[in-house]
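Chain naming follows the written order as A, B and C, and within any one chain the residues start at number 1.
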Amino acid sequence: MLEMISLGIKSVFVENILLAYFLGMCSFLAVSKKVTTAIGLGFAVVFVMAITTPVNWLVHEYLLKAGALSWLGPQFSEVDLSYLNFIAFIAVIAAMVQIAEMVIEKISMKLYTALGIFLPLITVNCAILGVALFMIERKYTLGQSTVFGISSGIGWMLAIIAMAAIREKLKYSNVPKPLRGLGITMLLTGMIAMAFMTFSGINI
Amino acid sequence: MRHSNLYTFIFITIVTIICAGLLSSAAYLLKEKQQTNVEVDMKKNILKAVKLLENEKMSQQEILKSYNTNIESYVVNNFGEIVELPEGISVEDVDPEKEDTKPENERLYPVYVKKYGADISAYCIPIIGKGLWSTMYGYLALEPDVNKILGITFYKQAETPGLGSEVGSESFQNKFIGKEIWDKDDNLVAIKILKLEPESDSPNIIHEVAGISGATKTSDGVMDLLLKDLLKYENYLRNIRKETVRKETITYVE
Amino acid sequence: MSNKKTLFEPIIHNNPVTIQVLGICSALAVTTQLKPSLVMGIAVTVIITMSNLIVSLIRSFIPKKIRIIVEMTIIATMVILVDQILRAYLFDVSKQLSVFVGLIITNCIVLGRLEGFALINKPLPSILDGFGNGIGYSLILVAVGAGREILGAGTLMGYSVIPQSLYNAGYENNGLMVLAPGAFILLGLIVWFQRAVTGHYEEE
């Protein structure tokens, strides 16, 4: 239990998927203009991570990895489908995003209109694929993967909300015109990333 | 335009079948060629570690020929004894990663020996471990005294391009040459990878190299994997050391 | 829109990275040196052109509800197929490229162009659009890669370009450039410069 908590804290703060590994940058830069939309997208990412990470774990464990099909019978124990890893993970992510879209549309129209435009963005959010690949690389168990997925999502959400808050304040400052928007956001992200580098080396 | 659910279902089935078919047939048709490439690459890297690779552009035939004439391979067990492999399995087929999942006393460890006539001129063992993003695969070659490092290679890794992936570069690998893996008290030590160039008056300089700036996690990974893999061969290496010491004493007495 | 405009507009005036804010993740991950930047640029140009063509050919058959998952499947199939073929015939190139496979699949430029262009245009303009965007993306990548390699390591394509006399005079390589914050700052400055030249301003 304690180990799970420390894994969670580590993935939210010390090894923040966005600020330490720089995954999921595109939507971070494009959708951090307003705090409200940032919160919306943040929750959507947490939601998708929480579902896709365990599903991807199961797909990898029981379908794709070398010898994974042995539950079908001993003759399958030599089958190695791991070259399908990428396509399977991305398909699971895209399918989950689309199912989430349909479900949200049925349940709450208000939430759907708020989140609707972000859903395609989530599919190509490399943070989600990154989490799937990390969990395999680090040989996490199903429980660890789920914790890792959810806390990475939370870390991503915190980062984008922080950025949106800074950008809302930035409205009142006199930034040179060509630097407005993407340019200044990049410079800011560079500084935040520098600050986050001080976390590296902390062991929890 | 709106499509019925049936249409959607049929469409996605067709797309899936076409894509899966394409990928599986590509994987199936190209498998043999890919495996040959991987096998040649592995042998090429063993040659590289023991300094037998004349240049990067050696053809596949030349590599296989040089490997067959110069390299002898066998497996040892946890106690450092040479073990016979069952019929039909070659040393090159022993996958060190799979061996790690077996109970300790059943594991087999491959050793590649460079022969020069009847004399042994290098020992080479596979090294595997985690970096920041990926698992790194390589070989470590030791001089006949199994103390000094003759060469190290990393041939498969997916570390950050330009930073961690520098473990694959000659300039990083050359830093390890001549470093020693046993300390004064006859214990295996990790080659320490420092952030900066080692101080020239450091007492441990023989166990230290400079790391890659900006790639701390990768450097730490290399440090850990070297010691981890050397410890697996500890008994085997100790036997060789005893052997060499005895030989030297005999020569001395004569 | 004329074919010529389709091809050339994304190279400067509607650049996918600096104006459309797409493909930032990979622009950060691979640009520590010039060589991986070039490899990545070429790979993405090839993949984007091919998937634009395929999606454009089948555009009227794709049901709207599942279009994202179909697009992702096509992209991932193309990428893995190219990787498999390279592994059999150009093994050394494939060793360089295999690192980027995941990054190409989740590169939002590819999905962005499929969604935004190929889905509603004929095959020929789609090919041109894909190629143009690929080149525009490669240009930025090469600029950042060259800048980071020169400032961070004093080399270009592995050859040293900063004269020794400069080092003797007290010049030092800027280690920050090799790290992620350096990439952000350089990219931010490039965005600033590019927008000042083309006059594209974002209102906040």
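To be clear about the criterion, a residue touches a chain if its C-beta (ideal position, glycine included) is under 8 Å from a C-beta of that chain, and two chains touch if they have at least 3 such contacts.
Values in this document were obtained by computation on a predicted structure and should not be read as measured data.
The touch graph of these protein chains is complete, with an edge between every pair of chains. Between A-C and A-B, more contacting C-beta pairs join the chains of A-C. In whole angstrom, the spacing between the mean C-alpha positions of chain A and chain B is 33.
A separation of 21 Å divides the Cα centre of chain A from that of chain C.
Each of residues 83-84, 87 in chain A touches at least two other chains. Multi-chain contact residues of chain C, defined as those touching 2 or more other chains: 29, 65-66, 69, 73, 77, 80, 84, 179. Touching two or more other chains at once are residues 19, 23, 27 of chain B.
By the touch rule above, chain B contacts chain A in their complex via residues 19, 23, 27, 130, 133-135, 216. The part of chain A that touches chain B in the complex is made up of residues 83-84, 87, 137-138, 200-201. Note for the complex: chain B touches chain C at residues 1-3, 7-8, 11-12, 15-16, 19, 22-23, 26-27, 30, 33-34, 37, 41, 156, 158, 160-163, 165, 213-214. Remark: chain C residues 29-33, 36, 61-66, 69-70, 73-74, 77, 80-81, 84-85, 87-89, 91, 95, 98-99, 148-149, 175, 178-179 touch chain B in the complex. Those residues of chain A whose C-beta lies close enough to touch chain C in the complex are 22-27, 29-30, 33, 83-84, 86-87, 90-91, 93-95, 97-98, 102, 119-121, 123-126, 129-130, 133, 167, 170-171, 176-187, 189-191, 193-194, 197.
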